[in-house]
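The structure under discussion is supplied below as structure tokens; questions concerning it will follow.
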Amino acid sequence: MSAPLRLDFTSDNVTGASPEVLAALAAANAGTVASYGADPLSEVLMRRAAELFERPVAILPVATGTAANALALSVLARPFEAIYCHPAAHVMTDECGAPEFYTGGAKLIGLPSVDGRLTPGQLAEAVGFARGMGVHHVRPAAVTVSQASEWGTVYGLAPLRALCSAAHELGLRVHMDGARFANAVARLGCSPADATWRAGVDVLSFGASKNGALAAEAVVAFDPSLAAELGLRRKRAGHLWSKMRFLSAQLVAYLDGGLWLRNARHANDMARRLADGITALPGVTLAHAVEANEIFVAVPPTLIGALRAAGYGFYEWPPPAGVAAPVARFVTAFDTTAADVDGLLAAAGLGHR
Amino acid sequence: MSAPLRLDFTSDNVTGASPEVLAALAAANAGTVASYGADPLSEVLMRRAAELFERPVAILPVATGTAANALALSVLARPFEAIYCHPAAHVMTDECGAPEFYTGGAKLIGLPSVDGRLTPGQLAEAVGFARGMGVHHVRPAAVTVSQASEWGTVYGLAPLRALCSAAHELGLRVHMDGARFANAVARLGCSPADATWRAGVDVLSFGASKNGALAAEAVVAFDPSLAAELGLRRKRAGHLWSKMRFLSAQLVAYLDGGLWLRNARHANDMARRLADGITALPGVTLAHAVEANEIFVAVPPTLIGALRAAGYGFYEWPPPAGVAAPVARFVTAFDTTAADVDGLLAAAGLGHR
Amino acid sequence: MSAPLRLDFTSDNVTGASPEVLAALAAANAGTVASYGADPLSEVLMRRAAELFERPVAILPVATGTAANALALSVLARPFEAIYCHPAAHVMTDECGAPEFYTGGAKLIGLPSVDGRLTPGQLAEAVGFARGMGVHHVRPAAVTVSQASEWGTVYGLAPLRALCSAAHELGLRVHMDGARFANAVARLGCSPADATWRAGVDVLSFGASKNGALAAEAVVAFDPSLAAELGLRRKRAGHLWSKMRFLSAQLVAYLDGGLWLRNARHANDMARRLADGITALPGVTLAHAVEANEIFVAVPPTLIGALRAAGYGFYEWPPPAGVAAPVARFVTAFDTTAADVDGLLAAAGLGHR
Amino acid sequence: MSAPLRLDFTSDNVTGASPEVLAALAAANAGTVASYGADPLSEVLMRRAAELFERPVAILPVATGTAANALALSVLARPFEAIYCHPAAHVMTDECGAPEFYTGGAKLIGLPSVDGRLTPGQLAEAVGFARGMGVHHVRPAAVTVSQASEWGTVYGLAPLRALCSAAHELGLRVHMDGARFANAVARLGCSPADATWRAGVDVLSFGASKNGALAAEAVVAFDPSLAAELGLRRKRAGHLWSKMRFLSAQLVAYLDGGLWLRNARHANDMARRLADGITALPGVTLAHAVEANEIFVAVPPTLIGALRAAGYGFYEWPPPAGVAAPVARFVTAFDTTAADVDGLLAAAGLGHR
């Protein structure tokens, strides 16, 4: 007997965990081990991270993406400083002010763009304004980019390098919100090192929860000297698990044998399948390019109705400038099946009869 | 083949999780469910909490005790207010300033006592001083008690009621750090309601990680109207899991069939066995009463040496006033066996040959 | 011998203090009086404030407008809440994150408009978005309006009432940044009560430094029960002067005999004279309506050059959308003379020869 | 006609300002000058500070001692760090948590001593404890000493050097709360440089309000590279006056011709006169050595009654350990006259008839 078709396409966090990750938790359970990260699995994770990124890194696991982002930003910006981001960035709109909390009141400043990606020119203009204001304005300190972006697009390596280079020249450090980092790397087909520090990223939020873990993300600082401050801040924020083995075990399993990329590639493939199928329907157009595992499509209202009637879950999104039709967001995950996608497409097709 | 004898008595967080809790995680994995706490298991947990405490409560699961304590205190004290506690309280010395972080800079003020428990007279004196200082001093707002205390003692119900009553008369609200709440309730033999809100506790940090969970605690507010603020603060702190089912599942399993009390009773019994055995040795005396699962004993230096030589792990503690001998702390857990204890006692006995 | 003509039109804070205010400081100097605000002059100020606003108020003097604004906002928004404002508001761009600091990380959210004034529709839309986001977004709490606005415009009483009414219906409290409150009231020709609480303002930053004081502003809360929290927060921020008589003396003198309105009317008149004169020059147009003591004019580059050559100080401003010419800002003050203005106009006229 | 005898000995902040300081304000009033510290008087102050301390310094005037202390500490300790101080220090008990506010939640840890002064051994022990705790405890960062201390004692140069040296070896930076720095320097008879950076002080709160200014203190950082962060933090805290000339003018006048030391020497002399006189009465003994301008004396209750009956103002203080009698605190100021002191002594003498 097969599983019922998935109806919930609202997000990649409505899924459970990969079986490999659950098995790793069970395997990690035996015996007494030192608490607070001095256990063997946490040491394995540190080695794996260094191998994965081809350099020494500081890696600090935490349970949520919000925690990872806010912790990361707290070591990049002081309370009297500015962090630049896209106005729709998760840190700006979806974390209830976590960056402001962790940084002690640093200011997130939104730089709008149509595709969710920032440009060097935007940074230069914003920093120029701030510098001209002297002590009256928060001091420019950092920029954070979402990879994949909130709108499912992915920075190419060249644009990412250009942005990081501009940031560094302006005295800014670069954070990457990688809640869907695996999906972006799968898209780019490059190494994790190329996708991050070789392009100029200083600190990465390495996501796993949306792509196979129960609850595991990691702050990865490419300057390992940040480890001490990050460690104190993580403890202070209540994100240092006493039984850290259970956090490290998830991440080790996630990396083992390339599970993370395998999962992400599958989710991306399913997104492509869904995008291709749905845009073949009359009156349906992409609102944003589909470059990871999110699909934003402008659709006829009848299609919305048909899917809702069939029990499908998905978000309706504010349409971008110039788009009149409602925009629907669908998100695929590591365990979305082709049958799941085809089921949705079939239901959508009924909206066009 | 039996497991090797346990050598690590440093803490109850060096253990894994109860099998029941691990099984619950696996069972929770199937299918898509709403994220961020709108899942069926989280609803079950809310019902269970109301039953357990015999009243409506707000319960917010988080992964660590530090997070639970700091979140709880953040709704009890404003940034310009005072929180009274024992100077050795976990919130004071072991959380890297988490309460200051979460409250936005409220002040923890230590009130010393020899047994780890606070008294009404101490509260009255401290509040009297503060009130006399007007705006120049932080305004009294809350008191936090550790149950069981840092030194393994447990407030009796009558002293707890007296303390809470004094606190309320002084305009303070009461937080209980229940990292070892199960051990305390097992000791008291009363209902969870009697041990908390019926005695005057306003907000409880309900611990589970030390007693069978992987990583699960909960803020329990007996005034459910605190739920909204707690919910925003939890999200802002990065402690709202997207796949909340995995946090709720641990706590539901922890409560199911009384696992939490069974585990705690066993740990307490093992502590009693260890205390009885070790104080039978010459030159060994209790530094604090053993009322939960921690044993503090003043021991001859030779005994320390013998245990270390045998590979045993435990902390040496600053001796209380008037005690000259070194003080060793041993902690038992839900899965410590009688054989484990007897093994330690045998090794300790060798120190007296 | 007369004073030299004023060349500095950059701001109304390049001036000294009104002679009446200086005299009041000298008069306040004699004898010992209780410190920290328990002095007779501070009591006089409290009575005067109640008379001025025709109701009981809490009034807390501080030395700067930034302090007044940030203190005021800190009692209107919790750390996990949102404050709406114009993107060019002083609190947003010119206070180095003071609101974020004082509130413990609340989020200022900018709602753009062409004339510096907010509308009810903007509030409704922003609050609607936030409410739809639940715990993921900061919770709507307050709106702050600048009166006069950053662009020298003044809310009329009807639009102000409509905005406050909408805010209250949406559950928001209203703060008014009155750094140039006197100029606005002089313009409106209404009572201070009509200009504030009768229109729906909850807390006012009552400015004096730009209009005759050395360094004196006041937080005025129309709900006097906010006094206790404001008092603790003021002390905690280091804004409670020990010799408070010297802060109160300035404000009492500022109100005495209507000095504050006399000063403001004069500054507004000078602004009108400057605006009329300069717009009579070819190629000069108002960039914003002149309703207080700031003049924003789009001018030919040659005019900028002529004024600079003559030694005049003023800011060049980013032109509003649709304006191509450079925009110059001139600010008049309580002690700007007609001769000062005519001198500037003469120099400007030379740019057109 | 002479002034009435002073009855208020509660503090040195119940006085007005020195005539020289008031005159300086009036003199500073003329003309327009650049705001926010870019005025000529502020430049004079910077030069004077460098001369006074015989080295380049960063000097940032603010209006209150609480602001100076909290700002100073905010650049010496991060939010996850510890600041050591005496438990009775002003920063600990009298500033409503200002240091916690400005530092973003750093932890003040009190190290008790009978005379208000800290010792190297105390620092070493506290830091040793903290280091042993790792990430679980706030990280040692700074120590703050009050000079003169809360109990009117003054660190000698040798003990101060030893303390600073120990602090630096332990990785701590040293702040000096110099609310009564002038009184201490007058007592020590050394140069300001010897009393501060040559002894190892890193940042000084240079007090003036208690000793002749209206409202003026300054943060003096002996590492001028701290100027940028201090400047941003001062602005963010609302302590950057727009008309900064009025703050700088006070401090320039305070230093001019040695007014600050002349005032302090006089206050100290009056304290000595009061101490000598009152301890000549039967049953009166010093509770602390009188080394600046504060007198703490254990007195018979009848003496308290006699002074109160005569209308005298002063604080009763918690007696130090081992002292049974009530302790009265008297504070003299720059404008206390010998007749004022003799009047008090006469009234006190009546208590012994």
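Going in written order, the chains are labelled A, B, C and D, and every chain counts its residues from 1.
Throughout what follows, a contact is a pair of C-beta atoms (placed from the backbone, for glycine too) under 8 Å apart; a residue touches a chain by one contact, two chains touch by 3 or more.
Bear in mind the structure is a predicted one, so any value in this text is a computation, not a measurement.
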{"item": "Selected pair, greater C-beta contact count between A-D and B-D", "value": "B-D"}
{"item": "Reference chain C; chain at largest CA-centroid distance", "value": "B"}
{"item": "Chain A-chain B separation of Cα centroids, rounded to whole Å", "value": "35"}
{"item": "Whole-Å separation of chain centres (CA-atom averages), chain B against chain D", "value": "42"}
{"item": "Distance between chain centroids, defined by C-alpha means - chain A, chain D (Å)", "value": "51"}
{"item": "Residue numbers of chain B (touch at least two other chains)", "value": "36, 79-80, 95-97, 101, 104-105, 135-136, 138, 232, 235-236, 240"}
{"item": "Residues on chain D engaged by chain A in the complex (per definition of touch)", "value": "36, 78-80, 104-105, 135-136, 138-139, 229, 231-236, 240"}
{"item": "Chain B residues within the chain A interface of the complex", "value": "3, 6-8, 10-11, 13-17, 22, 25-26, 28-36, 62-71, 95-98, 101-102, 209-210, 214-215, 232, 235-243, 245-247"}
{"item": "Touching residues (chain side chain C, partner chain A) in the complex", "value": "79-80, 93-97, 100-101, 103-108, 133, 135-138"}
